[in-house]
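Shared chain: subunit A. Partners: subunit B in the first complex, subunit C in the second.
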Partner chain A sequence: MSGSALLEIRGLSAGLQGRRSITQVVSGVNLDVHGGEILGVVGESGCGKSTLAAAIMRLLVLPQVLQSGTMTMRLEDGKTVELMELPDNELRHLRWRHLSYIPQGSMNSLNPVLRVERQMTDTLIQHGLSKKEALDRSIAALELVNLDTKVLQSYPHELSGGMRQRVIIASAVSMRPALIVADELTTALDVVTQRQILQELAAIRDELGATIILITHDMGVVAQIADRVAVMYAGKIAELGTVNDIFEDPQHPYARGLIGSIPRESGQRVEGLQGEAPSPWNYPTGCRFHPRCPEVFERCNQHTPTLQQRAMDRWVACHLYDAETEFDG
Partner chain B sequence: MGDLLLVENLLQIFGGRERTYAVDNVSFSMPDEPTIISLVGESGSGKSTIARIILGLLRPTAGRVLYDGTDILTQDRGWNRKFRSEVQAVFQDPYSVYNPVYKAERVLKLVIRKFGLAKNKSEARALMHEALRAVDLRPEEVLGRHPHQLSGGQRQRLMLARVYLIRPKLIIADEPVSMIDAGMRASFLNILQDFRDAQGISTLFITHDLSTAMYLGGEIIVLYQGRIMERGQTRRVMNDPLHPYAQLLISSIPTPDPRKRWKEELSSNRLQEFDPNANPGRERCLFAERCPQVMDRCWDARPILRNPDDEDLHDRGREVACYLYQ
Partner chain C sequence: MTANIDARADESATERQDAGRREVFQYAIRRFGVYLFTLWAAITVAFFIFRLVPGDPMNILLGNLTRAEGRQRDAAAEEAIIAHYREIFGMDDPLPLQYVNYLRKAVLGGLDLGPSFVEYPAQTKDLVFRRMPWTLGIFTTSVFLAWLIGTGLGALIGWMQRHGLSQLAVILSTLLQITPQYLVALGLIIYAGYTLRILPAGGPYARHLQPEWSWEFISSLIQHAILPMLSNMIVIGAGFTLGMRALMISVLGEDYLTFARAKGLSPFTVLKDYAFRNALIPQVTGLAIIIGATLNGTFIIEILFQYPGLGTLFVQAMGLRDFNTMQAIVLFSIFAVLTLTLIVDLALPLLDPRIRRVA
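What follows is the complex of A and B.
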C-alpha cells in the first residue's frame, strides 16, 4: 500500500471483553484511507463495521476493547501520529480538530433542555476557542449543511429528524477536521432528506477537502456517493476497491452475493444470500465465509485468506485468486 | 362487489386542540384475486395508521373498512374469528412478537394447536417442516432454538412460516424488511410473491422503502401527509411518476448503481422547512409549499384523486391528485 495515505490501519483487532477471554469482533484489518476520499464500509449487521469505526476513533467502551494494531494518521503539517499510542489527553485534543465521529443514532443524543447554540459552541470552547469564534464557526458550519442560523435558538424537539442530523454534522465539521467517520448517517431518515444530506456531505468533502469514512448497510448509499468501498464480513475486509469495480465486477464470492441480492427492477427475481452471518462467538476456521460460499474448496476451511492486491486499487481476501497472486509474486 | 378489502373515506384525526390528520380521506380496494399492493410514504404519511385501522387495532374518526363485504367493526363473534384467521399481520420488529422465554417454534405450535391442523405429534412435526421449507428455512437451524439465537431475517421468515400454516387470504405487512439485512430482503420478498402465485395470498405491503416496493411489483399507492397523491401499477408509477411529490420521492432513491448517480443538487428550501407554524390550512394541495411546479389554484382547493385528463396517461388504475393533469 502507498505511503501517502491519510490514515494507515495495520492489523487492527478489537473484541469484547468477557470474564475469561476476549471475543474478537474485528480481526486484523489492514486499510489505507486516502486523503479527500469518501470510503464506504459495508456489510451485514454484526460484521464489525461499527466496532471498526469506534476503534478508529479509539472510542471503544467496555466491554469493547482494542486488542492490537497500528493506526498512523498524517496531519496537515506533514507530521504523523500513531493513534494507538497517543495518551488520552492528546487524543482528546486531536478529536474534533483532526478527526470527527458521528456515531449511529447521534441525532437523538442532542440534549433536549439546551438550545442548539449552546450545544454547538460548548465543544468549540472546550477546544480553546473564544465565545465569539465558537459562534462564528458554528454559523459557518450550519451554512455548510444548508441550515438557517435560526436553529441556533431552537431546542432539539423543535427540529425535524433531518434538521437534527444536520446540526450533528455541522457540529462535527465545525473544527474543519481532516477525517470524518460517520456511522449509519442517514438510516433513520426518509429518502428525500437522505439524498439532501448525502449531497451536503459530498459538498463538505469538496469544500473542506475532508476525508470521510461512511459506515452503512445500504448498498444504494455507497453506490451514490462513495469513491471506494470496503466490504466487511465477519470482522474482516473481504474486498476493497473502487465503487465501480465493486458494483460491476465483485470478485469475492461474498461481495458477489451481496451485490447480487440487491432488489432492482420489478419482475427480475434475485435470490438472497444463503445461510446466516456467523456471530463473533463462533467464527468458522479458515475463511470465515466458507460455510456459505458457493465456490468453497478444500483449502478454505483450513487456511485463512489474507487481503491481497489483485490490481490497481483492488484487494481481495479469497483463495480463489491464490494461484494468480503466487504467479505474480 | 368482488373486493376482498375495501377502504372507504378513511379519516383519522389525533389530538385535541392541535389536530393532526394522520389519515385524510383515503379510499382504495384490494380485489378478490391475489394481488400485492404497496402503500408507500415517508414517516408521518399515515401508512402505519391505515394498517392499524384495517387490522381493527384503531377505530377511525370516520370512514369504514369492509372485508369481504362486511364492516370490520361488526360485533358478530363468528365473523370476527373468521376475519382474524383470514387476515394476518407481519410487523416491523421481528423480535418483539416472540416470547423470549419459549423456543421460537412455539409460534408455529400454537397455530397448529389453535386451529387443529394436526392430529398427532408426528403430523404436527411434518407440518412444521413443510412450513419452514416454504419460507427457505432449514428446520435444523430453527427448531429447538430461542428467539435470540436467530437472526432478524430468520425470525421474520418464521413469522411467514406461521402465516403459511394459517393460509390467510390477506397479509398486512408493516415495514417487514426494514430491520432485515440487505442480503435477506430479496428472499423475504420472493416468499410474498410465491404466496401470491402459489397459495393465492394477497399482501398489503407497507413501506418507506421504494426499492422494495419496486421489486415486489403489483400496484402502488403513494401517500403524503395522510393523503393519496398517486396510484397505479408499480412499474408504471416508478418509471414515469406523474405527481411532483412522487417524482421527488422516486428520484431520491439511492439507486445501487454507481453509474446512475443523482445528478443535480436537491435544494432544501431552508425557510419553509423551518417554519412549522406557517399553516395555511388543509383545503389545498398539501405538497404546494415544496412543489417546484406550484400554481395559484394549488392553494385554493384540494386536488381530487382521479384519472389524468391526458388520455395517453391512462394506464389501468392510474390516478393522480394534481392540477397539472386536471
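What follows is the complex of A and C.
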C-alpha cells in the first residue's frame, strides 16, 4: 500500500467489553483511504462496518472499546496525526475542521429543542469562527445540499426526513473537512430522495475535494457513487478494489455472492448467499466465511487468510488464491 | 425538484409561525378549562366525602360545651342549642340543596365557605387564609429547592454515571427516597433539635417574639423553618435526583448526543445544550406531578414540628367533625396544587418546541 494515503489504518481492532473479556467485532483492519476518493465499505448487517466508522471517528462508547491498531491521518499542511493516540481536547479541534461524520441514525441526530441555526453555528463558533462567519458558512453549506436558508429558523421536527438528512450533511461539510465518514446516510430515505442526496454528496466531493468513506449495506449505492469498494465480512476486509473490478470480476466468494444477489434487468433468478452472517460471539475459526462458502476446502477452517495484493489496487483475503499469491510474491 | 422543496419551505415557514402561535394560545385556553373543571370536581368530592364521615358535629360540640360549663344536662336547652346551630350551618336542608347553597355562596358570595366550629363564629375563609401562608411557605420553598438541587445533582451523576461517587450517590438517594418523610422529620427533631441543639425543632418562631419586621424575628422565622423544610426536601430531593439521573442516562444514548460529540463541541456545551436541555423537559413534568403528591406529607411534618399551618388546623377540625373547615382546607390545598401545576404546565411549551405544535 502506498504511503501517500490521506488516512492509513493498520491493524485496527475494536470490540464489545463484556464482564470478563472483550468480544472482538472488528479484527485487524488494514485500509488506505486516498485523497479525493469515495470509498464504499459494504457488508451485511453485523459485519462491523458501523463499528469501523465509529472507531475511525473515535466515537465508540462503552461497551464498545478500541483495542489496538493505528490510524494515521495526513493533514493539509503535510503534518500527520495519529488518531488513536490523540488526546480528547486535540481530537475535538480536529473534528469538523478535518474529520466529519454523517451518522447512521440521521432522523434523530439533530437536537429536538434547538433551532437548526443554533445547531449548525454553535460548532463553527467553538471552532473559532465569528458569529457572522459561522452563519455565512452555514448558509453556503445549505446551498450545497439545495436547501433553502429558511430551514435555519426551523426545529428538526418541522423538517422532513430528507431535509433533516440534508441539514446534517450541510453541517458536516460546513468546515470543508478533508475526510467525511458517512454511515448508512441514505438508509432511512425513499429511493428518489436517496438518489438526490447521493448526487449532492458526489457534487460536494467534486467541489470541496473531500474524501468520503461511505458505509452502506446497499450495493446499489456503492455502484452509483463509489470509486473503490471494501467488502467486509465478520469484522474483516474480504476484498478491496475499484468499483469496476469488483462488480465485473469479484474474486472473493463472499463478494461474488453479494454481487450475485443484486437483481438484474434480464430477469435472471437472483442467487442469494446461503446461511446467515455469524455474530461476533461465535466467529468461525480459520476463514470466517468458510461455513457459508461454496468453494470451501480443507485449508479454510484451519488457517486464517490474510489480505493479499492480487493486482494493482486489488486485494483479496481468500485461500483460493494462496498459491498464485505465493508464486507472485 | 429542488425548486419545489424551496417553495414548500418558503410557504410553510410563515404559515407555521402563525399556526404555532395559534396553537400555543389554544393550548393555554384548553389547559385553563381543565384547571376550572378540576377545581369544581374537587369542591364537589370534598363536600360529599366529609359529610360521610361518621359522627355528628353537633353532638361533639355539645359534649365539649357541657364539659366546659360543667352543668347538669338540660334536654330542652340542648334541643334549642342544636336547632340554633343546625340552622346557622344550614344542616336542616336536604343534602343536594346544601350542596347548591354551598356552591352559590362560595362562587357568588366572595368565597363564603361558612362559619367554622373550631373557632366559632370565625369564618372558615379567614381561618384558612391565616394558616395558609405557613403551609405554602414551607411547602413551595422546599419542593422548588428540592427540585433545583435534585435536578442539578441528578444531571451531574447521570453525566458521570461510571464514576464511583455517582454510584455512591445513587445508593444514598435510593435509601433516602424510600424513607417516609415523618421518619426523617423525627430523626431531625431528635438529632438536630434535641441532641445537638443546633436548630429549633418546634413552633413557627421563638415564643417570646411578636410578628414584626425586625431582624430578630425574621432570623427566628428562618431558623424554625429549616428543619421542617429539610424533612421535606431530603425525601423529595432524593426522588428528583434519581429521576433526573435516569432521564440523563437515556438522553446520553440518543443519536443527537453522538452527533454533538462528533461535531467537536466542548463537553460543557454537549452537557448543557444537548443532554441537560432535553432531559429537563420530562423533569419539569415530574415537578408538576410531585407538587400534587407531596402536600399531604407537609401536613404531617407541620404536626410533628407544631407548625401553625393547614395541617395542624385540619387535625383540630377533624376532631370536631368541622366539615366546613376541612372542606375549605381541602379546597385551598387543591387550589394551590392546581395553580402551581398550571404554572409548570404552561412553562413546558417554552422548553419543548414540539409541544407548541400538538394539535
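Basically, the second predicted complex is superposed on the first by the 326 of 329 C-alpha atoms of A that agree within 3 Å, B and C clash if a C-alpha of one lies under 4 Å from a C-alpha of the other, contacts with A are read in each partner's own complex, and residues count from 1 in each chain.
In the analysis below, a contact is a pair of C-beta atoms (placed from the backbone, for glycine too) under 8 Å apart; a residue touches a chain by one contact, two chains touch by 3 or more.
For clarity, every value in this text was computed on a predicted model and none was experimentally measured.
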For this session: In the overlay, answer first, second, both or neither for which of subunit B and subunit C A:272 touches.
Result: first
Exercise. In the superposed arrangement, does A:146 touch subunit B (first), subunit C (second), both or neither?
Worked result: both
For this session: Please indicate which partner A:111 is in contact with in the superposed arrangement: first for subunit B, second for subunit C, both, or neither.
Result: second
For this session: Return first, second, both or neither, reflecting whether A:59 touches subunit B, subunit C, both chains, or no partner chain.
Result: second
For this session: Report for A:95: first if it touches subunit B alone, second if subunit C alone, otherwise both or neither.
Result: second
For this session: Identify the partner contact of A:236: answer first if only subunit B is touched, second if only subunit C is, both if each is, neither if none is.
Result: neither
For this session: Mind working out whether A:196 is in touch with subunit B, subunit C, both or neither, as first, second, both or neither?
Result: both
Seminar exercise, completed: So the subunit A residues that subunit B and subunit C both touch are 146-148, 150-151, 158, 163, 196
Exercise. If you look only at subunit C, which of its residues touch subunit A in the complex?
Worked result: 1-2, 5-6, 9-10, 12-13, 16, 162, 254-256, 258-266, 269, 273-274, 277-278, 281, 351-354, 357
Exercise. What part of subunit A is in contact with subunit B in the complex they form?
Worked result: 44-45, 146-148, 150-151, 158, 160-161, 163, 190-192, 194-196, 198-199, 203, 217-221, 223-226, 243-244, 247, 257-259, 261-267, 269-273, 276-277
For this session: Provide the residue numbers of subunit A that touch subunit C in the complex, in ascending order.
Result: 57, 59, 61-62, 91-97, 100-101, 103-114, 118, 122-123, 126-127, 146-148, 150-151, 153-155, 157-158, 163, 168, 171, 196
Problem set entry | subunit A-touching residues of subunit B, taken from the complex the two chains share | 42-43, 141, 151-154, 181-190, 193, 208, 210-212, 214-217, 234-235, 238, 248-249, 252-259, 261-262, 265-266, 268, 270-271, 273-274, 276
